[in-house]
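In the part that follows, the structures are each spelled out as structure tokens.
There are two complexes below, and they share chain A, which is joined by chain B in the first and by chain C in the second.
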Partner chain A sequence: MRTAFEIARDVRAGASSAEVEMERSLSAIKARNDELNVFLYIDEEGALALARRVDERVARGEDVGALAGVPIALKDNLCQTGVPTTAGSRILEGWRPPYNATVVELIEQSGAIVMGKTNMDEFAMGSSTENSAFGPTKNPLDPSRVPGGSSGGSAAAVAAEMTPISIGSDTGGSIRQPAALCGIVGVKPTYGLVSRYGLIAFASSLDQIGPFAKNVTDAALLLEVIAGHDPRDSTSLPEPAPSLVAHVEDGVKGQRIGLVRELYDGADPHVVASVQAAAEALREAGAVIQELSVPEFRLGLSAYYLIGPAEASSNLARYDGVRYGLRVGADDVTAMNEATRTAGFGAEVKRRIMLGTYALSAGYYDAYYGQALKVRTLMIDAFANAYQKVDLLLGATTPSVAFNFGSKTSDPIAMYLSDVYTIPTNLAGDAAISVPFGTGEAGLPVGVQLLGPGRSEARLFAAARVLEVAGGSS
Partner chain B sequence: MTMPEGWEMVVGLEVHTELKTTTKMFCGCANAFGAEPNTNVCPVCLGLPGSLPVLNRRAVDLAMAIGFALHSKVGFSTFHRKNYFYPDMPKNFQISQYDLPINSGGYLDLPDGTRVSIERAHLEEDTGKTTHLGGSGRIHGADRSLVDYNRSGVPLVEIVSGPDIRSSAQARAYVSELRGILIASGASDGRMEEGSVRVDANVSVRRAGEPYGTRCEIKNLNSLRSLQRAIDYEALRQVELLESGRAVRQETRHWDEDSGETSTMRVKEEAEDYRYFREPDLVDLVPDEAWKEGVAGSLGALPAERRARLRSRLADPSSAQLDALDVVIDLGFDDLVITAINDNIDGALALARAVNELAAAESVELLTPEAFVETLAMEQRGELSATQAKTVLGELLAHGGDPRAIAAAKGFEQLTAGSLAATVDSLIAEHPDEWARYREGDDKLAQFFIGLVMKSTSGQADGKAVVAELRARR
Partner chain C sequence: MSEVLRREDVAKVARLARLILSEAELDLFTEQLGQVLEHAKDIAALELEGVVATAHPFGLINVVREDALEPSLARDAVLDAAPDAEDGRFAVPRIMGEAP
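Right after this comes the complex of A and B.
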């Protein structure tokens, strides 16, 4: 499959057409979507019409944008005017948002063409897409295994070469973990770099939208398009989008990179070996590798599973059957709310709503939610201390390669542990990238993770690019 | 009402005021009363999935103005979510302020010299409005419920007094004075009947010197009269309970204007658990010194000060005039009255025209101070009768314009002081006998001369002015 960079270049130059690129994408989807269950919604005709419009604009000599004619898939928790948006939940089945997420507007302005919405764990709660109300997505590299989650559909779309790039959201690892399991690049940007306006919230203080791509340059290109201040998101960073593509080839010469024990401890031996090999590759490219221990990272998971559910319990209160989505009738409003929520939410969502409600309750707040906030502060301080010593951190993205369906569904804690290395970044509001490096069990790809402080995306892309080159892929 | 011997009532008031902003608190929808249901709505104030709040700067201006007027500590504050389910609350949480309100502490001095402490005056968003149809007419057991979200997200300030109020009359004076402040600061139109100002009363009773008793919260107080009646009823109810050896149960009670009674709305077995936590979609509200000074500096004179200023310009006012003075302050006509007094208009006349003609008008926007003063001067000089002056004012209020031109157009003959004097002189000359008897003290003959003047001026003269002319010649 051609990269987004190549497609946009050729479409703009008239060497290819958006329509041809879209047809290629649609036929790749047709070939495997029934098998893999990647898309919840595909707008074939709409996408082709938009593609032809791009071609007309090119023909008129207009500047169509950085992603001219590039097919792109959206995680189904992003609002797009008139397009069914479910967040993987029955409770939103049939709902069509009357407005566009900021990210959708930016993507459309860049000339890219949104052709569909991808499967996900319900309300982004999960690490395998097994929590989707619409059936799991299968890993294109081995359909007996999960693609990771919660943005499993968007990761699979790119891995199956259905679209060169896609959009996900990352609350505790939901971009990086599926990127690792599907053998592609996934970025969790600095909190506030990408507007959350129009992203169906799971945990507002942790959620961040980011790109999936086959390679580092495409990921940087897409992030440049979707980043930048948005007055509709109060937590949006004040500055315009940073320049990223221009720094992809900057290398790591002189960069100090900390290899953090807590970010690979407990991982499969293949994964540990890949992380060590990545450290070696970065050293060879001129980085200074320093072994570090950040014990606070071990506290991240517990804090995350209080803060995330607490915010979710409030964010998901609006799904009550009164205004939109599912309504299960009953004798009065309270009974209707209850019946709707009982029928509309899946088990994991209910579990987290209960956890979060409990953690915020009078008498328990201090011991649970309050304590978790203190841990979050510790985490922020721990990162800040680490970044006194080094420029970036290195570790694994996940403890294992893609796992089999059903292997963790009966044990929520085992599932939660898939995100143990990715969660600290969300708690701190920092940036991180997962890039494929080496292989593990059954020849499946391993993802290594590079972590940086807020606004360090350019350096992260440069370091990830070094690994990409050393790892042998494009 | 006086309390039964040995008993004291303790009252604290929560006053909610809608802020007079152009747009809502967190979105650009119009903040307007009386529009077609669900027309002033958007994804944000409907709480649609993915929408995010952005704080209205003007709402903060007005909230701070209230704080400065109440001598509060104004500054750094944060927003929290107050979580509970109700169908007219689209997110099933209300964005409010909790432990760090924008205004904390303060006091309000009442005209009788007493002082009521202010605990806080915080910002929050209003809910929509539900109408229950058929069946019970309440949320449970109604046939149908209709929700109008036009009010959803309208900015509110909740002003919480200390438990310092000791009589229903004092409670009334507090709300009345507070309304004056809200109107004067431009924060609210102060209309209780439209729900712009809503009052909840916390009432308890105790024997003198004892600790506070159990309190009940009374809702649905839509006028100053209801407030006063409800507090009296409730205090007596509690005294009767206690005197008969029963206990007051902590509960929320509903005031019924028709029956003149309060009744149980819901019992507070334990404090409701709203699971307050920091609103993660908003950032800290940190008004800098320049912003605060700007607001404080633009705050005009407050009612107490304005009342004293106008009072000092009235010579020996009657109690009716003192009542009129309160109305004039409330309606903001005091500057107009003082301008007139400065231009040698009699204070009583200016007050009377303001409290009658101006107060009755829908708007005084078209009436310039110059036109007001000129009309009154013409009346005072006898160029217009009282009836004519009122007609001219009515015309000025409705259409604006020049009082002389209006008087001329209406055919009110220009009866200048000079021409009245000349008329009186010539009539005296024509009736020497009657004049002699008048000069000797027969006041009845004043009527004779008034009749002559009226006849010769076709009723345009002012009786009082004629008497003044006659007296001047006696």
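Right after this comes the complex of A and C.
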């Protein structure tokens, strides 16, 4: 598969055409989509028409943009005008949004072509795509295993070489964990770096949109395109998109990197070995590796599974059968709300709505939600303390390689533990990247995670690139 | 059966969240949600007197825009995406009961 960088370069120079690139992408999708269930919606004709328009603009000598003619897939929780958008839920089946998410507009302005919407855990709640109302996505590297989640479809699209890049969202690890399980690069940007306007909300203080790519440079290129201030998102950082691609080859010489015990404790031995090998590779490239312990990270899982559901219970109150999506008829409005929500939501979404409702209810608020918010403060302070000693942190992305279908579906806690190493970053609003490094059980890829403070993306990409080169992946 | 969460607690939150549960679902969710709350005991038990709560990273301040007229979404486009509409409005079933 050609990289997004190469495709855009060649389309801009007239050495390739957007139409040829799109046809290549569509034929890769045709070859495996029935088997893998990656896409919930594909607009073949529309994508080819947009590609031809890009080619016409190139022929006229226009500057088409940084991602000219690059096919890109969108997680199905991003609104695109007139395009079916489900968030993996029956409750939104058939809904066509009347507006574009800001990231969709930025992607279109960059010359990239959105050709479809990818499968996901319902409302981004899950770590395997098994919670999608439209059936699970299979891992392209081993279809008997999950691709991770919740952005499993977007990760699989890139891993199966259907598109060179794709977009996901990460609330507790939903970009980094599937990137690790599919052997690709995934980035959770600093909270507020990418506008959430048009992203179907799950937990608003944690949700962040980010890129998937086969390599570090493409991920940086896509993040440059989608980042930047947006007046339509009041949590958007008040500054222009940072320069990232220019820093990919900066290296790690002199960087202090903390190898954090709590970010690999309990992982499979292969995963631990990969993290240690990554530390060694960074050391050889000139970084100073320091072993650290951050005990507060152990509290992240519990805090996350109170804060996330609490916010979700509020955000998902809007699915009441009135304004969009499913309505199940009944005699009065309350019975209609109940019948619609009962029929429209899957089991995991119901669990989280009820958990959040409980955590926020009178008598329990202080013990659960209030306490979780205080733990969030401890987490932020613990990160700040660590970043006084080191520049970046290193650990595993997830405790194991891709697991088998059905192995965690009956035990929510076991599934939640997939995100134990990714959650702290979301609670702190910081940035992190997962990059493939080494292999584990059955030769499947292991993802290692680099974590940095807010706005540290350029340094994270540079360190991830060092691992990419050392790991020999490109 | 969980110690922290009773069956009637789950029935109550389901009602508050406008969800109807079967008897079997009530049993299953009581057990599963109880396990999550059991796990959360690690933070429920912490002594955090005096720690300030964080509801949002980066201590957001309120953001306001200029109070100027701007076009909003086209009404027809929004209503077309709704399950039922009538006379330029969302239509819903009866919201009031019979007079007592």
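Please note the rule applied: the second predicted complex is superposed on the first by the 474 of 474 C-alpha atoms of A that agree within 3 Å, B and C clash if a C-alpha of one lies under 4 Å from a C-alpha of the other, contacts with A are read in each partner's own complex, and residues count from 1 in each chain.
Quick note on the criterion: a contact is a pair of C-beta atoms (placed from the backbone, for glycine too) under 8 Å apart; a residue touches a chain by one contact, two chains touch by 3 or more.
Keep in mind that this is a model prediction, so the values were computed, not measured.
Once the two complexes are overlaid on the shared chain, A:P412 sits against chain C while remaining clear of chain B.
By the document's definition of touching, of the two partners only chain B reaches A:L92; chain C does not.
In the superposed pair of complexes, A:G198 makes contact with chain B only, with no contact to chain C. By the touch criterion stated above, A:A362 is placed in contact with chain B alone, chain C being left untouched.
After superposition on the shared chain, chain A has more residues touched by C, the comparison being chain B against chain C. In the superposition on chain A, A:C79 makes contact with chain B only, not with chain C.
In the superposed pair of complexes, A:S314 makes contact with chain B only, with no contact to chain C.
Residue contacts after overlaying the shared chain place A:R351 against chain C, while chain B stays out of touching range. Shared-chain residue A:Q276: touches no atom of chain B or chain C. Once the two complexes are laid over each other on the shared chain, residue contacts for A:V375 go to chain C alone; chain B is not touched.
Chain A uses residues 95, 97-99, 205, 231, 234-235, 313, 320, 322-324, 332-334, 337, 357, 361 to touch chain B in one structure and chain C in the other. Across the complex, chain A meets chain C through its residues 95-99, 191-192, 205, 231, 234-235, 298-299, 301-303, 305-306, 313, 320-327, 329-339, 341-342, 345, 350-351, 353-355, 357-358, 361, 367-368, 370-378, 380, 412-413, 416, 427-430, 454.
Residue ranges of chain A in contact with chain B, taken from their complex: 77-79, 85, 87, 92, 95, 97-99, 101, 196-201, 203-205, 231-235, 310-311, 313-314, 317-318, 320, 322-324, 332-334, 337, 357, 360-362, 365, 369.
By the touch criterion stated above, chain C contacts chain A in their complex at residues 5, 9-10, 13-14, 16-21, 29, 32-33, 35-37, 39-40, 42-44, 46, 48, 51-58, 60, 62-63, 65, 73-74, 77-78, 80-84, 90, 92-95, 97. Across the complex, chain A is touched by residues 43, 46-55, 81, 83, 85, 87, 90-93, 139-141, 145, 147, 271, 273, 275-277, 280-283 of chain B.
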